[in-house]
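Common to both upcoming complexes is chain A, partnered first by chain B, then by chain C.
Right, the complex of A and B next:
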């Protein structure tokens, strides 16, 4: 019960900070949309091709939007030594991680909805027929991606060259969720039976569980001075 | 003095072993039926790959040891294994295309094991980059250990994902089923070469750990004398 209070305190704090300046979410959405926009020039896909390219395009866009989110998530905590304040609080550091991770999950989820909506208009593609499966896949893969990203965001906040360090850490480790996300969403958007991409969904779920638990356990060493 | 002696002995054993291994690669091992002489790079390639995986395992062990016991030696081990392992992993990525071009006709293909090795190489790169970018030197060990552990846990998941993603690559030659297999002389040559590589690896690892220890001692002495600690 006390754990939930701590998690929700961090979560609500992050939401309130974001509500007051609305910087991170705006940056994520604009950046994500720009990626989708540029891909249009890179490949100039026709109606048929866009179905083949869309899942990969969306995931590249999500991945970059996520990087902005994780960078900001701990950059704001560096100001006024907030991270040190959190480290001094007499609570399980893992709970602080969970609170920040849930906030990041919500932000990236909102950005993903905006990006998907725009892509649906720009490429004249309806996500509605396969929305249920597509949403499940995106949710699971995003959870795993955010678990690793929140952790690495905290690690990268302790380095100079923070903006460069985070993607260098994040992308190699996130390879399994990116592959799973792209492969499973391709199947779902094509309207294949779910059994054909169920393996990818399980992999994404496993990744999310493993890295959430691992990050929860390791987070105290990031805060430790 | 005994340390120097042990290093020199280790170096001597490594040199002799490497020469023996090279002799076996070129003179003892039989020529492969379809690929010919070029296949002999296999011994170097596979030995480097196995050594790189051993190195990443040592990064993991050192990382866990450091977080658990806070011993600087464990951090030295992780750092040394990361740096030396990176060299061996790079050797895999160099010898691979050299072998692939004459045999497959292409330098590179996004096949499962190639992609996995590339991911492992990126994990080494990110680990080493992080070590040099941490702002306060006292925090390097803990932050690097976190990255080392997460990276190590990620490798088997990467392997599964990449294998599913690209399943059309050639089946493993070693322990890959009934039709696969190596000539016994090839096996012996491979194991001797791997032994030589491990010997070289452990020599470099010890040198690197010794250097890290010497650096720590030096900065402790500087602190004791009231001199501002050097940048590293």
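Right, the complex of A and C next:
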């Protein structure tokens, strides 16, 4: 019960901070939309072309929007050494990770909805026929990506070149889940039978579980460094 | 014996301290003497390079030990975008404090912050932020208080409140370790002095017995 109180305290705090300054979500959405918008000029929108390029394009914009999210998430904590303030509390460091991860998951989820909606308009592509599977794939891959991003966001926050260090540290680890996202999304958007991309979904689910648990266990050492 | 190194630099070398309940200890020394390093080790924010820090005979990094420690440092640990009340509520929830609203009201009143409770912290002056930081430290009624330059930026009225608290807490059996560059003010509040220089403890004992060569030039030797 106490764990839930702590997780919700951190989650609500992050939401409140974001509500007050509205910096993170705005930057994520603008950046993601810009990527989708600019690629609109690179190829002629049409169902075949969109099907071929849209999954990769979406995951590139999700990935970069995520980087902004993770950097901002810990920039707030760096100010006035707030992360140390949390470390001082008699709190399991893993719970701090879970609270921050949930907040980042919500922020990236909102940005993804905005980006997908804009992409469906600009590329004249309907996600509705495959929405159920596309939503599941996006949720699982985003969860894994956010787990890695939150962990490495905390690691990078302690370095001098933190804005540069985060993508350098995070992308190599996140590559499997991004590939799974692209491959499974392509299958789902094409309308292929789920069995053809189930392996990618399993990979994304496994990645999310493993990295969430690993990050939960290792966050104590990240806070101390 | 506890040591802390940052690369080749020994911020603290071979420090050995035993702090009893109800003690008020003044940490004194020039800049770079190791006061903040020692306080951070005692607060469990850093791990020593050598040696161990124990609380009640057990490792200080245990959650039970952390719950008994209150630490105010140069950084306020406050979120600028949250109001004063929201900051206190957040830290109170992390400590899972019972009767949190009552505690927050008491802390706000104690540090004369009632009229600023709804103000975002970033709008407050440095001195006001220090008051909120102190309110945060006292919120969970710690048994072991660590204060790094707590008087910095405070107005006279808040200094008086803090001085009263620092006199009262040891009487209640709580330990206080604080650093200040104002030797006379510190000496009036503490019974024991730990004098540091270049990362080493030069003196650890009653203030009344401090060798004159360790006293600052302007300071009178405290009365026993």
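Here, the second predicted complex is superposed on the first by the 218 of 225 C-alpha atoms of A that agree within 3 Å, B and C clash if a C-alpha of one lies under 4 Å from a C-alpha of the other, contacts with A are read in each partner's own complex, and residues count from 1 in each chain.
Assume contacts are C-beta pairs under 8 Å (C-beta built on N, C-alpha and C of every residue); 3 or more make two chains touch, one makes a residue touch a chain.
Computed from a predicted structure; not experimentally measured.
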Comparison of chain B and chain C by chain A residues contacted: B
Which superposed partner A:198 touches (first chain B, second chain C, both, neither): neither
Partner chain in contact with A:222 - chain B first, chain C second, else both or neither: first
Which superposed partner A:81 touches (first chain B, second chain C, both, neither): second
Partner chain in contact with A:5 - chain B first, chain C second, else both or neither: second
Touching partner for A:213 - first (chain B), second (chain C), both, neither: neither
Partner chain in contact with A:26 - chain B first, chain C second, else both or neither: neither
Touching partner for A:89 - first (chain B), second (chain C), both, neither: second
First (chain B), second (chain C), both or neither touched by A:113: neither
On chain A, the residue positions that both chain B and chain C contact, one per complex: 224
Sites on chain A touched by chain B in the complex: 148, 151-152, 155, 158-161, 165, 168-169, 171-173, 175-176, 179-180, 183, 199-200, 203, 206-207, 210-211, 214-215, 218, 221-222, 224-225
Contact footprint of chain A on chain B as seen in their complex: 67, 119, 122-123, 125-126, 129-130, 133-136, 139, 142-143, 145-147, 149-151, 153-154, 157-158, 160-162, 164-165
Contacting residues of chain A [partner chain C, same complex]: 2, 5-6, 9-10, 13, 16-17, 20-21, 76, 79-82, 84-92, 224
Chain C to chain A touching residues, read off their complex: 43-47, 63-64, 66-67, 69, 71, 73, 75-82, 86, 90-91, 93-96, 120, 136
